[in-house]
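Heads up, the next two complexes both have chain A, just with different partners, chain B and then chain C.
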Partner chain A sequence: MRTFRLIGQFMRASFQEEAASRTNFFVNLLHSILNLGTGVLGVVVLFGQIDEVQGWNLASTLALLGVYLIVSALRGLFIGPGLDALAGMDGKIWSGTFDFTILRPLNTQFLVSVHKWRLFAILDLGLGLGVLGAAVARLGVSLSAGQVVAFLLALFAGVLTLYAILLAFAALVFWSPGVLFTWVFDAFFQMARYPVGMYPGWLRLVLTWVIPVGIITTVPAQALSGSLTPGMLFGGLGLAALLVVGASLLFRRGLRRYASASS
Partner chain B sequence: MPEPQIQIHNLTKTYRVPVRPEGLRASLGSLFRPAYNDVEAVVDVSFDVAAGARVGLIGPNGAGKTTTLKVLSGLLHPTSGQVRVAGFLPWERQPEYLRRISMVMGNKSQMLWDIPPLDSFRVLGEVYGVPPARFRRTLDELVALLDMEELLTKPVRNLSLGERMKCELTASLLYRPQVLFLDEPTLGLDVSMQLRLRRFLKEYNQHSGVTVLLTSHYMADVLALCPRVVLIHRGRVLYDGELNELARQLAPFKQLRLSLQVEKCNGAMPIPDGVEVIEQDRASLTLRVPRAEAPALTARLLQTLPVADLTIEDPPIEAVIDQIYSGAGA
Partner chain C sequence: MKTRAGWALIRGLWLSWLQYRSFFFLLAFGWMIPPLIYLLVWSTAAGEGTIGGLSRGAFVAYYLVLILVNQVTYSQTNWTVGDLIRYGQMNRVLLRPLPPVYDALASEFAGKVVFLAFDLPVVALLALILRPELEWTWANGLAFLPALVLAWGLRFLWGYWLALLAFWATRADALLALQDALVFLLAGQVAPVALLPGFLQTLAKILPFRYMVAFPVEILTGQLDLAGMQTGFAFQAGWLSVAAGLYLLLWRAGLRRYTAVGG
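And then the complex of A and B:
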């Protein structure tokens, strides 16, 4: 109960911080629309030339884009802002204000993960849900309850996987505080706009096993199009759990290195 | 006798710092073969602080004061030695411990910049699990003591440095910690704001019983707030005791102020050997003499100079500290 009240307070304060600037709102709106536009355009152009790529048609690829937008929005809503605030030259670790974070009587990983929210990401979430809805309508299938549950589970696994990867990249900041490691991740994450199956073999392996961004979007989209096997779903959940444990260990190890910036 | 609230025994903290050679070639080399130096920030430091006491930790830049505070608050793990604060090992950072302590840093802010302080306080109240009624009561009390009612609804970004420090203090005391670590709390503040904050800290300590450990470069802070000081120099404790006693123990000299009969001053004034002139004008002289020789030298000065009035005193605390910092007392 207290956890929810606490998260509620963090959300309120973060939203107030954002609302302090009107320009911010319009810039974010523009960014969301551009993001949506380029995503949809890419998919439409691709399937203007060809009906199917490796078993993926326009509707199922749009569903995947919808998942990509939803997962990106969730990242923008609460995982990203907190973790991004650690890194960089004005980041909490470089400047030493991280001192206050670790002196709070709460789990530090929990605190850095949920202390900052970005209200405008709700726009992205709405757009993502819209694309997903349109894609499902285009798929022309009626979803069974089992498929919906499988989709939600796969989405949950995807968000957990994303969180784990971001946490691991953020933890690297303890070794090199000035570097924005999450930028490296962003480059890979862009590839999750398209099904993993569309990429060449070696890249498919990297995107599935090394930096598993493929799992984040491909598996939930497969749940909707009906091509997901139980093995993939549970494998994805298992991998997500493993990644979260690994990333948490890395974060804790990094935390032990934190020596606080000089006075 | 109750157990001291802060116990430090043989605390040593060594930092491993990268050595960055000058020049591009050397910098590139250090990318592949980094070199490190061990720097001893604090060596064998021991002292205790009783509950409710106000103690000043003083010393020049780089003496090890902030490192000591960081170990005590739990931010740093000591290299060796035993430390207990309120019965806890600080670096374990148990939630029960972190609820008992608070850290205020003059150069770092814990406030959210774009929103009014009241909203930051609410978040902190929730973080520390302060029940709403107690939160309101404590906040009202602190706001009254610090006279900051009108600041509560202005964005922190628009506050002055002094106003912000009032907010920092409120934020750090909202959950009524038992131990307050203050690292340069008056840094950069104007004189009247310094005075107000000192008055607040003293009053708050007296009525709440919070233990205060303070570092400051402003001797006025220490003089006004701390009956006891621990002087750290080059990572070691050089003195631990009353501030008034510091001069007597560590400064091997006295200060003589002579008012002269101007009409009898005619040119050169013979100053005996072993006497250092600090200030001199036509009507007065300020001299520094070795403590042991003060009586004899004073007698000689009275014979050789047209003295109208004379005072012998311990040198000002700043002068003593300066002597120690510049190596004389080390």
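And then the complex of A and C:
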């Protein structure tokens, strides 16, 4: 109960901060529309030339793009802003203001993960859902209840995986402050815009096992197009759980290394 | 005198940039990823056959050249010009006995060296792995160089005049994001211009963005005949003079408005 009340407070404070500048709203709107437009046109141009690549067609690739937009929006909503403030450019670990975070009588990992919200991302979430809806309509199949459940489970596993990777990359900053590890991840994450099957073999292995961004979008999209095996689904869920545990342990070990800065 | 001062600026900035080289290597890595994604997707799509006359190896060659051209022509400086004006730091630059555009140019040159120090080895490595196919002719090579210089000049001045709008509006850098999105769509990144659907292709050939990146790449990879090159150069020179005119106009008008906020 207290947890939810706290999250509500964090959301309110973040919203007040965000609403202070109205120009930013329109700039954000422009960025969202550009992101949507370039993503959709990229897929449309590709499938204007060919009908199918590695078993993916226009509708299923658009569905995957929808998943990518939804997952990015969730990241932008609450995971990303907090971890960016922690480990991004001039982050709290680098500047030493992290002191004030660990002094609070709360679990530190919980606090850094949910203390900052960017409510504008709800619009991005809507756009992603729109792309996904349009793609499912184009797929022309009626989804069974089992498929919807499998999709939601796969999406949940994807978001957990994303959270775990982001947390792990942010935790690395405890070992070498000043290196923008989350930016390295951002570069790899962009590859999740397309199915892992479209990449050459060696990269597919990296994107599945080393930096598993492939699982984040490819598996949920496969659940919708019906080409997902139960083994993949439960494997993905298991991997997500493992990654969250591993990343939390890494974060805790990093936390013990933290010795403040400049004070 | 001006040349010597210019060189001193370049040298100073270059030395200071090298201090942060890991940061700039990270930036260069991030910029390399989107064209790399499309390289992999298109070459997978081409498989053993061809798409629009391009084979797998031709796509690889096209995109590897594009990665380099994109880096050479990308003006990271334009993002900071607006901040200089907004925060009043332009004062320091204005006091120098050189027009401030020299400051931007110096940081352009200094930056290119650092970014290319990262890009060239990576592209060479990618070329070893991905086996590009490029038919080199001296005519194409010789036409490539002026096209590249003009492309850089056009992209720099176009971004610079957009950035100068900061004299009038606080968030003019939103327009730079719009430029980046249009470059992504129309300058041969999402697909070679020849593969774009009809309407987009016409738009790409008329608007200035193709002449900032794709045009030199198309010349070097032999996609253009003599007539195509001639019209291309005509468009490129035309847009370059438009950009130069707008720069002069906005610079003079803007400077009269400038009130040195902050200082």
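Observations on the structure shown:
One rule holds for everything that comes next: the second predicted complex is superposed on the first by the 261 of 263 C-alpha atoms of A that agree within 3 Å, B and C clash if a C-alpha of one lies under 4 Å from a C-alpha of the other, contacts with A are read in each partner's own complex, and residues count from 1 in each chain.
As a working rule, a residue touches a chain if its C-beta (ideal position, glycine included) is under 8 Å from a C-beta of that chain, and two chains touch if they have at least 3 such contacts.
The structure presented is a predicted model; accordingly, all values stated were derived computationally and were not measured.
Once the two complexes are laid over each other on the shared chain, residue contacts for A:E17 go to chain B alone; chain C is not touched.
By the touch criterion stated above, A:R252 is placed in contact with neither chain B nor chain C. Legend: residue contacts after superposition of the two complexes on their common chain; A:G42 is shown touching chain C, with no touch to chain B.
Contacts of A:L30 after superposition: chain C is touched, whereas chain B is not reached.
In the superposition on chain A, A:R5 contacts chain B only, with no contact to chain C. Within the superposed three-chain model, A:L103 lies in touch with chain B and out of touch with chain C [touch as defined at top]. Ranking chain B and chain C by residues of chain A touched puts C first.
Touch criterion met: A:Q190 reaches chain C, while chain B stays clear of it.
Counting contacts by the rule stated earlier, no residue of chain A appears in both its interface with chain B and its interface with chain C.
Within the complex, the chain A residues that touch chain B are 2, 5-6, 9-10, 12-13, 16-17, 20-21, 95-97, 99-100, 102-106, 256, 259-260, 262-263. Taken in their complex, chain C has these residues touching chain A: 22-23, 26, 29-30, 33-34, 37-38, 40-42, 44-45, 51-52, 170-171, 174, 177-178, 181, 184-185, 190-191, 195-197, 200. On the chain A side of its complex with chain C, the touching residues are 23-24, 26-27, 30-31, 34, 37-38, 41-42, 44-46, 48-50, 53-54, 179-180, 183-184, 186-188, 190-191, 193-194, 198-200, 203. On the chain B side of its complex with chain A, the touching residues are 15, 66, 70, 73-77, 93, 95-96, 98-99, 101, 103, 105, 107-110, 112-115, 119-120, 122-123, 126-129, 155, 183-184.
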